[in-house]
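Below, subunit A partners subunit B and then partners subunit C, in two separate complexes.
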Partner chain A sequence: MREAGIKDDEIVRCRDGSPLSPAQAARRRWLAVLARASLAELEAIRGAIEGVIGDHAPPRLLRQPEIGMTMLRGRMGGTGQVFNFSEITMTRCTLQLADGRLGCAYMSGRKKNEARLAALIDALLQDPDHGERLIALAIDPLSAEQAARARQRVDKSAPTKVEFFTLVRGENPA
Partner chain B sequence: MMAQGQGGLLMLEGFADPVDDSQRIFRQILQAVSRPGCVVTLDPLPPAPAGLNAASIALCLALLDHDTSLCLDGPTLTIARQHIAFHTGAPPAEMDEAAFTLIADGNVLPDLSRLPHGDAEYPERGATLILQVAGFDGPRRHVLRGPGVDGTTELSVRGLGDGFWTAFAANQHRFPLGFDTILVHDNAIVALPRSTFAVTHPVEA
Partner chain C sequence: MYVAVKGGERAIAAAHQLLAEERRGDPAVPELSIAQIEQQMSLAVDRVMSEGALYDRDLAALAIKQARGDLVEAIFLIRAYRTTLPRLGYTLPIDTGRMAMRRRISATFKDVPGGQVLGPTFDYTHRLLDFTLAAEGANVSPPQQPSINNPAPIPPMPRVTDILAAEGILAPEVDIDAGDTIADLTREPLAFPADRDARLQALARADEGFLLGLGYSTQRGYGRSHPFAGEIRMGAVSVEIQPEELPFPIDIGEVELTECQMINQFKGTAETPPQFTRGYGLAFCQGERKAMAMALVDRSLRAAELGETADSPAQDAEFVLCHCDNLEASGFVQHLKLPHYVDFQAELGTLRTLRAERREAAE
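Let's look at the complex of A and B:
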């Protein structure tokens, strides 16, 4: 079983087939962390960021938080053929800061407030001056906490795994 | 998915209330299409990118989605293209395949015979042509008749090349196939569906 978190960097590429730039990979990581965060966690992150950068002009919502459906796909055991698993609800939001930085959020579930907040945080994290400091302050701790939570879930379910194997084949009576 | 690589460009919002506003605009488009030749003012209007009328972008936001391809014809429409792609997800297409073709200047017309007009089994695959014109006034009168018109009605259009009326006349002979037209100026539209017949009167001396 795979742990939650960013695992398959090697297969994620830009539309033109080129690998992600370091900035894109970093953004991908924090978008994943934000997508899993609760409203309270997002509020805390925004508070932490605003503590560093101070006040900022309110963003313009280019795409207000909206709820839609997307097809979730899976691979059996993480390696098999891709198959359509189920449709899930998703919420997305895009906004723009006064200086042109775009923030977007995609997350599963019906979470308009969370998506709006995550999009704002995404835009704020693309800060040319404080970016790395903000990530160390706001994203890294939550990322570690999410990884720990995921590990805990795996550890809890691992002992329940059942291995099936055949002792005697029916068509070969002794 | 979109939103990336826009640099410092400021992008525009879509409808203030995406669901209700696009339904209001859709209702007004229905009104226009069911009364060919009537000038219908659209409201509420979203902000328009450079090169497009407010009513054009309202039509696009109300009618387009990822299942309807769009051919956007005209120079310097890069920002408009991005704007429509971002807000509707409509894939770009060549004119002979696009479900919708938007022409920015009615005086600079491409070859309209390239517009898809559907086939006998699927007449609904005929294109919808959105044409930006310079106004609904002018010296030349076009007399319209057909479904939705009580007897005849007159339409004057400024800034629309003769090529359109030639293509429109050819279109009338294909019914039920053909393309549907929506003329746009500023915040108003006039629909000329494929069921409408037009007779053009020469300029009066």
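Let's look at the complex of A and C:
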């Protein structure tokens, strides 16, 4: 199921043109969920993960949470040649766990605390032993909630669906 | 010419204090919060983001508050702020075909596949002042639309223009891989002749009023292009980037956009049969008037490319693109009020001499 406007995995390709591995697809999915999460939601996810794996050594920040912009690109006519449309604020962060696992976060907006937490969660979710359990516990419920929120926003417009009729001029045939 | 002046520090500081006081207004009236502006002045926020060329609702709301609601001043504040932020890269091209649509209309087909959805629009309102909104303290909440619990995923929706282009009746928009040659006005200034990528970027941040007037002029006959609003869609689109440290692209969140596909008068050549041509408009959130005006002007600026005579203002790329930015326009117009004493003294001297010479000649 497509969540909150996220592209289906089938059409996404790696930089080298190859399809995503299941592990890459899973990571891509949770990064999208984390990018849309509030600070409170991220805190809750970290709490849930640490409840399973216990304490861990504090991560080393490779890139401090950094606020910047990225240039949003569009296509002429929606499908044509690419053009630079306008910029959007973005925050990024990269860190490393004691065992070498790297965690990263990229999210729209100015969200340093959120980015630091999301990068930590990204690293923790790449757990070789508990990975699937952590995803089911921490990511799946929020993902479903985000999808429902996106759906609800679209569904609000459903009653405004309109049927226009054209009127025939002159006398209608009997 | 403007010559630098010194002094006036105390007066300037006092003027800024007075400005802050006026901004706050009567202290007996509650102060506006950023969240109130963001939520309840949302179309002003949309405009400041489009023309400020930076998508960030909180920053735009803050700019509007600081600028006392002067949107052009707020746009200036956003443009100034964005110069302090590092550029972290480019997104992948957004796919408006996968928009989670809250509004979608077509003026060309009443039975467009997927249907037409009006969404939150001023269209078809009577434009009568609603005094219930002024009922202070009455706290009238608008009726909530019933919420439908629809578990189905949001389906991709083909664009009207995709359907027409597949038939060959509308000129296709094909992705030619322009690679690193895509114009970026934030890195390189505009140069002429300007290609369509540079023109679209300039129009995207252009003043809505200026584009609206130009678009209107094409409808009134100055560079007529017989437009139809093929499709207007509004909704959220996910934003993807390709980070350096990952081999696959990731999703960083969503932006709300309005896209306008204008379908225009057709033409054909000896090689190609006649087909409709296109104009494209894109604006943040609900900037619908802006997106429509942009689509009209995009099409009129394609005159040379489509072999039309370009003799109207809206078809003149240099005229349009050099004057469409309200930051530049307002800066140059408003600099006239800064002290020009030396300059004016020189002109005054010349004029007095000329008048004296004329008087002497007459005597």
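In the analysis below, the second predicted complex is superposed on the first by the 140 of 174 C-alpha atoms of A that agree within 3 Å, B and C clash if a C-alpha of one lies under 4 Å from a C-alpha of the other, contacts with A are read in each partner's own complex, and residues count from 1 in each chain.
In this text, contacts are C-beta pairs under 8 Å (C-beta built on N, C-alpha and C of every residue); 3 or more make two chains touch, one makes a residue touch a chain.
Just so you know, these numbers come straight off a predicted model, no measurement behind them.
Undergrad: So in the superposed three-chain picture, is A:Gly47 touching just subunit B, just subunit C, both, or none of them (first/second/both/neither)?
TA: neither
Undergrad: Using the touch definition from the top, say if A:Thr94 reaches subunit B (first), subunit C (second), both or neither.
TA: Both partners, subunit B and subunit C.
Undergrad: Going by the touch definition up top, name the partner, subunit B or subunit C, that contacts more of subunit A.
TA: Of subunit B and subunit C, more residues of subunit A lie in contact with C.
Undergrad: Of the partners subunit B and subunit C, which touch A:Glu66 in the superposed model: first, second, both, neither?
TA: A:Glu66 contacts both subunit B and subunit C.
Undergrad: If we overlay the two complexes on their shared chain A, which of subunit B and subunit C does A:Pro58 touch? Say first, second, both or neither.
TA: A:Pro58 sits against neither subunit B nor subunit C.
Undergrad: Determine, under the contact definition given at the top, whether A:Cys104 touches first (subunit B), second (subunit C), both, or neither.
TA: Touch status of A:Cys104: both partners.
Undergrad: Subunit A residues touched by both subunit B and subunit C?
TA: The overlap between the subunit B and subunit C interfaces on subunit A comprises residues 24, 66, 94, 102, 104, 106.
Undergrad: Touching subunit B in the complex: which residues of subunit A?
TA: Within the complex, subunit A contacts subunit B at residues 24, 60-64, 66, 94, 96, 99-102, 104, 106.
Undergrad: Within the complex, which stretch of subunit A touches subunit C?
TA: Touching subunit C from subunit A are residues 1-7, 12-16, 20, 24, 28, 31-32, 35-36, 66-90, 92, 94, 102, 104, 106-110, 147-148, 150-166.
Undergrad: Applying the document's contact rule, which stretches of subunit B touch subunit A when the two form their complex?
TA: Residues 1-4, 6-14, 18, 86-87.
Undergrad: Quick check: in the complex, which residue numbers of subunit C touch subunit A?
TA: Where subunit C meets subunit A, its residues are 49-50, 53-56, 58-59, 82, 85-103, 105, 110, 115-120, 145-148, 150-154, 159, 161-162, 165, 172-176, 178, 182-186, 196-198, 200-201, 204-205, 235-243, 245-255, 259, 261, 278, 280, 282, 284.
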